[in-house]
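Below is a structure I'd like to ask you about.
For clarity, chains are labelled A, B and C in written order, and residue numbers in each chain start from 1.
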Amino acid sequence: MSGQAVSLCDVRKNFGATEIIRGVTLNIAQGERHAIIGPNGAGKTTLFNLISGRFPITSGEIALNDTRIDTMPPHQINRMGLSRSFQITSIFHKLTVFENLRCGLLWSMGYRYSFWSPLWRQKALNEKAEFLMEDLNLASRANTPAGLLSYAEQRALEIGMTIAGGASVILLDEPTAGMSNTETDYAMDLIRRVTQGKTLLMVEHDMKVVFDLADTVTVLVYGQVIASGPPVTVRASRAVQEAYLGALEE
Amino acid sequence: MEIILVSLLNGLVYGMLLFMLASGLTLIFSMMGVLNFAHASIYMIGAYLAFEVSRWFGFLPALILAPILCGAIGAAIEIWGLRRVHHNGHIAELLFTFGLVFIVQRGVQMIWGMLPMPYRVPSYLDFPLFTLYGANFPAYRGFMLLISAGMLLAIWLLLKKTRVGLIIQAALTHPNMVSSLGHNVPMVFTGVFAGGCGLAGLAGVIGGNYLTTESSMADAMGPIVFVVVVFGGLGSLAGCFIASIIMGMIQTFAVVFDYTIADMFSPLFKVPEMDTLLGEILTVPMSRIGPLLPYALMILILLVRPRGLLGTRDT
Amino acid sequence: MSDAARSIPMATPRRAGSAMTWLWVLGLVLAIALPWCFYDFAKARHSGFMISMFSQAGMMIIFALSYNMLMGQAGLLSFCHAVFFGFGGYVVIHALTGASNGSFPIPMELMPLAGGLAGLILAIIFGYMATKQRATAFAMITLGIGELMATAALMFQHFFGGEGGITSDRMIDRSLFGLSYAQSIEVYYLIVFWTMVSVIGMYFLTQTPLGRMANACRDNFERAQFVGYDPKIVRFIQFALSGLFAGMGGALYAIAYEIVTFDSMAGPLSANALLMAYIGGTTVFGGPILGAVLITVLQSGVSLLSNSWLVYVGVLFITMVTFVPEGLAGIIMAHGPIRKAGKLGKLAVPYVRILVPGFILVLGFVALVELVSFQTIGAAQGKKLVLFGNPIDIASNIPWAVAIGGLIIGGIWLRFESIVFGRVWDEITAELKRAEART
């Protein structure tokens, strides 16, 4: 099990009496691009929430680079090098685009809770934020409050904030949901670019994105993994076709 | 022993009065998310209106009319005030009611003057109901218990046995779901706000002559009602009831027991007399610490249980 | 109009215009020069009323700004802010006594630091409890803390002096510059200095990682966690620092009045912080300064003339909450883009057109409130309503008719004019948007 970026071992989660995640075991190697697919209500987002520490798990083990993280609060998990995006855009809507990205950078650059270092004098920080902004194609919107951006721009910012801290493991929750075709193509390109050399774990509904970006696919149905492997193998799997893909490719 | 029994009864009377105020506030707070700062102000208006009505028509008409008028005032505040600021969020609504406190406070003084009102217990209720260990228990306190028990029963019946009650109960814990189901939530909101204010008015009617009807009565009652609601927990009328009784008892008993912290240690060792702040803390009698206790208790419970005693939702 | 203003972020633009800098300098010059505008050269002395009003404004600026560190910048609604102000005051009163008898030998000029330290320590203690929670639970805990401390101040004679409060003498004969502080103008300049220091300090804090993360936690505390920050610690430090500045304000209060009573710790003063910050505008750094000055001036002026100060402030507040949630500073900022486009002139006529009925409405309302108030409170005080030297008979129908008429006519007229104004405003902003889209 050692050497894995993320490993889940028999993870379970109950909400009240209902078991949402029913014993998931999953290993994601360093540098892997891993997609989780599955029908609605399969528990994909819940799984993300468990890994990132948003909800506590009921039983099992989650490790990040061989360190157990399942009892840590979200900010600590983040500091250990795991970052996530949200399905429903989660940004600082009253702060400008530039400020949003800068917030994403602060902790990783060691500023902690500093109330003595003036932001305008932090050259390296500001340059990095500018650079990131160029990278996301948001430079022209630098001083626009994030809440006023278009949907696609907000999604790009969301991805930008997720990768800003330089985390080695990136969790993206439906990064292309609600996008048009051109927007999706652009987002895919962006994701490929900014997650170079990192471990990527994503939930995605768009099969085109999944088969294009991922080198491993895991199928989650009713809180259980029913198949896992390279996209071609998974696509060919009988069980998966019955449970999920069949309905789509008909 | 006798002192405990008498205090128990008095605590119950005060606790029930608190519950009458707090139940309305908790209904409003739980359903609409609005922390109605003006709730105690409505209670004060209720007392003044009751005084005015009873002066012309007698106490019984006041008992009915004043709460209705307070309910109408509540409905007006909801329709013309809160609904307008609703889109700016709950904080804006809270601040709106916060502003109302100042206006009501001074408005009452402007209309009725600065002096306490001669609002008294009606003569036909002004007799000792029974005598307990030589102390009289006034009939009016019995009447207050009767009214509040009646109100408790009425609320319970309304919530448990009627369709409206079902919707209100559902909206207590899942406000969004209720509106998704197609219920006219604004109407329910107005109704609940008016109902809550009506209850506050009723508390004003029976509390105004039990305590004193004056322009500082809202300030005296306001914070303690908040404490009750938060202590009991959001979305729980049962918690609110328990908290009311606890607070009523604490306030009554603290007055009775005149011990100090130094007294508590006295069986163990003699606390030396000290002319310092510490000495003062040790020798302050319980009756003076009494007013502090509810706040200390509230802070404690919020630290341990952010949802309050029986709360079902985060505050 | 509200949409345009709401879009203004808390953070100032990265390249703040030099116009802003000049505005701050102008404010400072004004603060230094103002007392001399009311100097009585015939008697060679300062106007005591004015000096005390300006001094009050200074400490209220610190108080309101430190409150906004919580409300505007961190999204925390506190009801116990006066506790830190008052505590700073109490400590400084004791410190003054200690300084004159030699047990606490620090010079007058540094006394505010003692108050600030006191506020900081108390805010660390209470902040530890309160900042574990956010939103309503936070507000409720602070309400409890506020009541707790106000009650405690009445109870413990030794430190707080009970109802009478505690007094001291500021002529401690310890000064870095050999000043005696016998005259209130000397105290005023001490207040100006420390207000300036505090304002700069608090502005600086908004431009630090902590200040920015406080904004971030206000907007979306969950996201803040997923960029590595613990919102509880952000809230805690922000709360403690705001207590520091509030304590400094309280220290100036103690120095100026030489008495501190439990009122300076109690609920109404905490409420005042909220009113000043909100009316001034919580979304702009300087907003609470406007609010503090406005409320102080109105309070000093109106409360001399009228019994009904609380009604006016309540109505003003409710009006702001309902119609102008971004406060005075928000309104002013909304004019920024229009001014840049050189279209401010177009608004002149509509402004006059809403101001006239607005004025009538306010006059009618004030007249009505005063008439009612003179029937009860005024009568009890044995005062008579006098307008421009003419006594007004509140028993006759004419003044009542005039007041109610003004209220109704002004109200209807204002409603009509505000629709016209809204149309003009929308036109101009739409034009600006089109111009922006073209470039």
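Throughout what follows, a residue touches a chain if its C-beta (ideal position, glycine included) is under 8 Å from a C-beta of that chain, and two chains touch if they have at least 3 such contacts.
In this text, all values refer to a predicted model and were calculated from it rather than measured experimentally.
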As a test of understanding: of all chains, whose mean C-alpha position lies farthest from that of subunit B? A
Would you identify the chain whose C-alpha centroid lies closest to the centroid of all protein C-alpha atoms displayed? C
List the centre-to-centre spacing of subunit A and subunit C in whole Å, with centres computed as mean CA coordinates. 44
In whole angstrom, what separates the CA-based centres of subunit A and subunit B? 49
Could you put a whole-Å number on the gap between the CA centroids of subunit B and subunit C? 31
Where on subunit C does subunit A make contact in their complex? 7-11, 13-14, 204-205, 207-213, 215-216, 218-220, 222-230, 233-234, 237, 241
Please output the residues of subunit B touching subunit C within their complex, sorted ascending. 35, 81, 84-85, 88, 90-92, 94-96, 98-103, 105-107, 109-115, 223, 226-227, 230, 275-277, 279-281, 284, 288-289, 291-292, 295-296, 298-299, 302-303, 306, 314-315
Residue numbers on subunit C that touch subunit B, as the complex places them: 77, 129, 132-133, 135-137, 139-141, 143-145, 147-148, 151-152, 155-159, 267, 271, 274, 278, 307-311, 313-315, 317-318, 321-322, 325, 369, 372-373, 375-377, 380
Subunit A contacts subunit C in the complex at 52, 54, 73-75, 78-79, 83-84, 86, 90-96, 98-99, 102-104, 106-108, 111-120, 142-143, 145, 147-148, 161-162, 164-165
